[in-house]
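The chains carry the letters A, B, C and D, assigned in the order they are written, with residues numbered from 1 in each.
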Amino acid sequence: MIELSLLLGFPAAGALVAAFFGAGRRGPELNALCSLATLLAACALTVRVIGHGQVLLAHEQFFVDPFNVFLVALTAFVGFTTALFSRPYMRTEVVHGRVTAGRLRLYHAMYQLFMLTMLLALTTNNMGLLWVAMEAATLSTVLLVTLYRTPQSLEAGWKYFILCGVGIAQALFGTILLYFAAERVLGAEGVTALLWTHLDAVKGELEPAVIALAFVFLLVGYGTKAGLVPLHSWLPDAHAEGPTPISAVLSGLLLNVAIYAVVRCKVLVEGSLHSPVPGRMLMGFGLLSLVAAAFFLWRQRDIKRLFAYSSIEHMGIITFAFGLGGPVASFAALLHMTVHSLTKSAIFFVVGHAAQKCGTPLMDGIRGLVTVSPTIGWGLMLGALAILGLPPFGVFASEFLIVTTAMRDEPWTAPILLVALGIAFAAIFGRVQPMVFGETSARRLPHAPALLPVFVHLAIVLVLGLYVPPYLADWYRAAARLVGGP
Amino acid sequence: MSLVAFKPLELLTQLIEILVALAVAPLLTGWVNQCRAWLANRRAPSLWLPYDNIRKLFEKEAVLAAGASPLFRVAPYIVFATMVLAAGIIPSMGTRLPLVAAADAIALVGLFATARVFLSLAAMDVGTAFGTLGARREMMVGFLAEPALLMVIFVASLISATTALPAIAEHLATQSLGLYPSLAFTAVAFTLVLLAENARIPVDNPATHLELTMIHEAMLLEYSARHLALMEWASHLRLFNYACIGFALFIPWGVATGTVGPLALAFAVPVLAAKLVLAGAGLALIETVSAKLRVMRAPEFLATAFLFAVLGLLVHVLLRA
Amino acid sequence: MLTAPLDLQLLNACAALLLLLSFAMLSQRRIVSLVNLLIVQGAVLTCATLLLAWRTGQSHLYVSAALTLGLKVVFLPWLLHRLIRRLEVYWDTEPLLNVSGTMLVGILTVVFAFALAQPITQLAATTMRSGIGIAIAVVLLAFLMMITRRKAMSQVVGFLSMENGLFFGAMSATYGMPMVVELGIALDVLVAVLVLGVFFFQIREQFDSLDLHHLESLRERQ
Amino acid sequence: MASPALSPVPVISSLSSPLAACLALLAGWILVGAAGLIRPQSVRFGGRTLFCCGALLGLALALVAAASLAGGITERLVLPVGLPDLPFHVRLDPLASAFLALLGATAAGVSIFGAGYFREGEGTAPGLLSLQYHWFLASMGFVLLADDAYGFMVAWEAMAICSYFLVTTQHRIAEIRRAGFLYLLIAHLGATALLLAFGVLQGGKWLFTFDAMRAAHLAPSAAAVAFLLALAGFGAKAGLVPLHVWLPEAHPAAPSPVSALMSGVMLKTAVYGTLRVTFDLIGAPLWWWGLAPLAAGLLSALYGAVFASVQTDMKRLLAYSSIENLGLIFTGLGLAIVFDGAHMPALAALALTATLYHCLNHALMKSLAFLGTGSVLHATGERNLGRLGGLIHRMPWVAALTLVAALALAGLPPLNGFVSEWLLLQSFLFADQIPHAFVNLLIPMGAALVALAGALAGYVMVKFFGVIFLGQPRESSLARAHDCGALERIGLASLALGCLALGLAPVEVIGALTGVTRELVGATVPHSGAAWWLLAPVPGRAISYGPLVLLATGAGVVVLTMLLVRLLYHRRVRRSVAWDCGFGGLNARMQDTAEGFGQPIRNIFQSFFHIERELPTPFDRAPRYSIAIVDRIWRGAYQPLGSLVQRLADAVAILQQGRISVYLLYSFATLVVLLALALIV
């Protein structure tokens, strides 16, 4: 209980404090400090869950099980490292005159608020609150996306707001239908009928006809936030136009949370429908996202857009894996969520500094990083290799399991996967190589870049590729059992 | 046949074969030239002219080009040695040759290739226009002639289930006279290869030094004295060897098979002589009636040979299957 | 029974009215009147809620009725009107699809919505079964409206009317959501509109117009 | 999860076991590489010391592997790392030992050479270079040891990455970056194909160990799919036509020792993988599977030989010759599969032996050749054959040792290249016993193509050696060329000795390989009790080859002739200028250029190339002649593929055209469609 209240309390407090002092000289440190506190609370909670297994808190309003506790830990961790990264980054932005002190305050407050909403969405047991938190996450980031007030950022923010708002509205309708179906089983007192644990208990008795509709609405709603093609249109803009730390957390964390919501719903629906249709839908979305993203990647010129599309691609892979179902694929999907968010945020860190160094986000302007600053260059190269699924990085481990399982269970998907992954590889690596190698065009930065997070992330990803610690593996297994379906 | 039982008699045969080859090879060339002269209504040179040349060359003082490397000097010996070795494993009179255990027909082709490679390298060594030109043309001829020869041998060895030349000859000679259409094809192929490999019309003309056409002579331009002598002798040997391969594959009769007794050899020698005389005459006839091809046509000529050989192989497989 | 009790008839009438209003919005091009229509929709929604609360005696429905009134009838329209006056956006330009076409699509949508609601309606234990179909229809029509409009303002109106539809759906299906969720939703809507307000000014100072065609530069096809 | 049906193989017991030793040595390579980071910029440390250590480790590895090969040892071990439920399994069996020996021996020679070779001016810092280099070696070792799909793939891709970084050492040059990109792309695609193959082969949930795959029983169709996928994957690495395009780009781009390793060893790992999957994991191949590698191999052999003969860059020439040799290897492999499928184990063993033997040979002789070009490159800074020549006077050591490589590559007796070609042709000779009529018709063609490719190899090698080392120097700068240093000399010499040994002691080598053939096809090449110096692979047939005798006799004749000539006549020699045909001014420009030397082949095989020629006209002020030869497959398959993807990408890009209304329409449509779906289902 105490851990949870701390977990949610620190960011809330942080948001308040930052709203007043976020603009100060120590604003960034404040931000990092709150994130650190959150991380510690998350660790405490994790330890607790490892000790006692899943827990229900606050009149069952909160629910922590292996599935979401590792997402909580991950979120808190990446939130902290991103805060570390954003210290020099935002300072440099201020020096370059792209943001003012006032905006910096907004930035820090919203950053903490965003953390809060994500943690809330992850830990809540109430499908309604889950929806509320997701919507709140959108609202808290939309002003961050438009932080620079450039025409592009405004456009991106607007699209982000409208598309996600509309999408999430569908999710609300889905929730209503879910409630409607649950109420007929759990009785009309209405308090428990939206609690996931209760729904999970009675999922077998829920009315299939209603649940099917509910799932469609929920899928479209949360799928929009997860950036599944063709609901993805807002994603590249929003991820590319905001400040890089925000891109990092949007790609690395928010997408995970959306996928988490989708999977929670899928568990219920599959329990009720006893049909492969939901899985098939997920697989369809996954493959579509994978293929479309691969082709989009081919034409990119802006480095952040490139990696935004790569996020869509990986969300596609994860969704596809969850759609495949079964212990192995679900395990792989969970692993992929972890390594993708770590790798992608690391890449965005590097990309941010690289773009600052070269003074442009256009890839044609970024050249020969390895010669001018080896750490950034090698960071980008290794990050790209990792995200492209080259071993021994963890992304390869999950893709290995996913591809082999797909080949075994759904052979017809194999050629699609092969082509899409190949095109994506050619697209991304063909862009990254000249940025890392060759003659250079970069300059020095006013604040020393914080590259420690990058290499910490990559190191973790590397380790996950070669050795998954037993307790982590147990989480994954438990979670896989939970969501893996039959 | 047992592979490595030390039999002094067979060793003797081996030695005799090599010595005979060394002795007779220039004579064959001389004979061919004489026939050509007759067919062209010219006064024929002496039959012993090749011997005379070789002796003369050995006595001369060797002149080396300034840029010649050791490779240039050692090449003649290697080429000569390979030809001698080849002579040692081709059954010209007897089939019981100990050396054959060490080198079968494929190795024989390999030996010829070695000779060709060293000849070409030596020709490139000095770095004159003619040398490189000759080397290039020689290799061009070689890379088509070699597989053709290999295919020819393949057919024979498929028939007799071995790649050892004497064994093939023995097999073909001893068994009842069966007609092999495949061998007919390969015989044609072999003749073409023989012409090409021995720098004969229509591929090359040993009698001229016309830069547009010459192949073999172009490579020897820088050689003189003893080196040239060895090269000449080696080319005589090559002609002789090819002739004997032909005999072994297509008219093996009369070769001393089985345990070699003096009697058998005594019978084999005249037979060989007769075959050589006929073959030389035939060669001369072909050379006289056919016109020299442009160098660029040579590949087509050899491609035909290659195709004939492969055709023979196919025919063999077809008829057997 | 042949004739439903009066209150139920009234409820159904409200439902029908809501649908009518969304059609009206679909066809309306004056932004001011769009907002007014939104007000009316909110009012109807409030009445419906009150009726339902009175009929079923669900006390928390009164609260949500109050929320609706305060938020969707009073505050948001006031805010929107202020924005309209400040930003001087009175007319939407010609919609992407002309009115009659939009109407046609709208009718098809409604049919589709009813077809969807069919299985649910059979199950509904609540007094107003038809409500769910209407709700879906309203949501989809609002969606359609957002698609066809070119001014940011009218898209917002569409967004809000979608919220109305959702609310109505919740109400008619399950007598509304649990209180905590209701509050959360209301909060979100409020914040959303506030953020929108900020947005409008930002967009305005950038492009000095709220026309969406300014917001079409981020694309793959250059 | 423990894999079921563990074949009765002793799990490793003591640390004195060969497997443990191999692992330790590979770990040693990793450490040596990591040590490079201590002083990345120091050539003495990063270049000399570490590479010497690496060479010693390689030597040790070769010895250990050879010992375990001789002992026919099979051991397995489970490492504590890897995925949960799927730790890394490693296994040392004769097949792995054979290739480990190859790896160790080649690496030893190349590393010694590298110790003398690497110096300033390579783009990457020496320390980093040594890191990449040694990790490359280690990853290849792990590929050979891996006994589960995951570990195999990890090592496989690690190998690709390390070699990619080595290829792009000079990353400031655009062509080299392009080469590296193409290389990594095709390597990655191949790896994905392998993933799919393993997906088919896997024994069940989490059962990715090779034991589980051996135990799993596949439907013939599934097995065929797995085999073809694996062939595609490994073929991409081996540079089989039409997946060869990366090879002639990447191998020349790398520093010469790396080119040597890539050509000599890395390509062989593809052969190893094919053997492992076909004979070990799938188990009982059907005879007609063999036709695929056979056809691909023959095509590659001819293709590589033809292209090699028209190259003007010495390293590209060698790269194409690698394609040719890998083609020959896969030809033998295909034959082995055909024989095995037709239940002729003895013949399968013969073909397999030819394959393995050629792997060993090519590893040594191609590395030797590449190292030779490396020395030339360092001495002259020239890779273009058109600017070389006459180096035999300046660098006699390199010339002599490279000549060995050239002769071996040309397949001339008594060197090693000839032995494997001989074995290959022998196994072709027996192919007429296959009980399938039309194969019997096809096989002779194969023999013909092999013979043709072999003969072309001779042509190529004469061009290679002749143009570089013989004749007159084509550039004045070549006069400053210097012979290679001591370390490089040792490296070259050791490899040359290896070639000689492999050529002269075939019986011993084949005897060592029997363990492998027994493991894979359950038969061995019988060693008919003739004699230790006489190779007689097929008992009952008069087929034999004795290189030692051949060499001895030949040498004897040479010496004898020399003595006789000297005794009977004299050995007076006079130096004089070369004959200039009467009109003076003979100069180096009058020699054949590389293009000129390739010209006959260019004419004969015109249909293979796309030739872009620029001919001078009589009215040109400065007449120039230039000719560029382009790979038809590149123009015909790859470029269209690229443009196709580009077009598709453009088409897809229309989806993202910026209008929010359209985006909303997407959501709306998706919603409606899915709802309709939900209604129907």
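Basically, a contact is a pair of C-beta atoms (placed from the backbone, for glycine too) under 8 Å apart; a residue touches a chain by one contact, two chains touch by 3 or more.
Because the structure is a prediction, the values reported are computed rather than measured.
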For this session: Provide the labels of all chains in contact with subunit B and in contact with subunit D.
Result: none
Problem set entry | Between subunit C and subunit D, the fewest steps along chains that touch one another | 1
For this session: Identify the chain pair with more contacting C-beta pairs: A-C or A-D.
Result: A-D
Seminar exercise, completed: Expressed in whole Å, how far the mean CA point of subunit A lies from that of subunit B is 78
For this session: For subunit B and subunit C, let me know how many angstrom lie between their CA-based centres, rounded off.
Result: 100
For this session: For subunit A and subunit C, let me know how many angstrom lie between their CA-based centres, rounded off.
Result: 31
Exercise. Could you state the distance in Å from the CA-based centre of subunit A to that of subunit D?
Worked result: 43
Seminar exercise, completed: Residue ranges of subunit B touching at least 2 other chains are none
For this session: Check each residue of subunit D and list the ones that touch at least two other chains.
Result: 650, 653, 655-656, 660, 664, 667, 671, 675
Seminar exercise, completed: Multi-chain contacts in subunit A, i.e. residues touching at least two other chains, fall at 158-159, 162, 166, 170, 213, 236, 296, 299
Exercise. According to the definition of touch, which chains form touching pairs?
Worked result: A-C, A-D, B-D, C-D
Problem set entry | List of subunit D residues in touch with subunit C within their complex | 650, 653-661, 664-665, 667-668, 671-672, 675-676, 679
Exercise. Which subunit D residues qualify as touching subunit A in the complex?
Worked result: 80-85, 149-150, 153-154, 157-158, 160-161, 168, 171-172, 174, 177, 180-181, 184-185, 188-189, 192-193, 195-196, 198-200, 202, 205-206, 208, 645-646, 648-650, 652-653, 655-656, 660, 663-664, 666-667, 669-671, 674-675, 677-678, 681
Problem set entry | subunit D partner contacts - residues on subunit B that touch it in the complex | 1, 3-4, 58-59, 61-67, 69, 71, 74, 77-78, 80-82, 84-85, 88, 99, 101-104, 106-107, 110-111, 113-114, 116-117, 120-121, 124-133, 135-137, 139-140, 142-144, 146-147, 150-151, 154, 157-158, 161-164, 167, 211, 221-222, 226, 230, 296, 299, 303, 306, 309-310, 313-314, 317-318, 320-321
Exercise. For subunit A, which residues count as touching subunit D in their complex?
Worked result: 158-159, 162-163, 166-167, 170, 212-213, 215-217, 219-220, 224, 230-231, 233-234, 236, 275, 277, 281, 292, 295-296, 298-299, 326-328, 368, 370, 385, 388, 390-392, 396-397, 399-401, 403-408, 414, 417-418, 421-423, 425-426, 429-430, 433-434, 437-439, 465-468, 470, 473, 476-477
Exercise. Which residues, counting only subunit C, touch subunit A once they are in their complex?
Worked result: 116, 119-120, 123-125, 135-136, 139, 143, 146, 152, 155, 159, 162-163, 166, 169-170, 173-175, 177-178, 180-181, 184-185, 187-188, 191-192, 195-196, 198-199, 202-203, 206-207, 214-218, 220
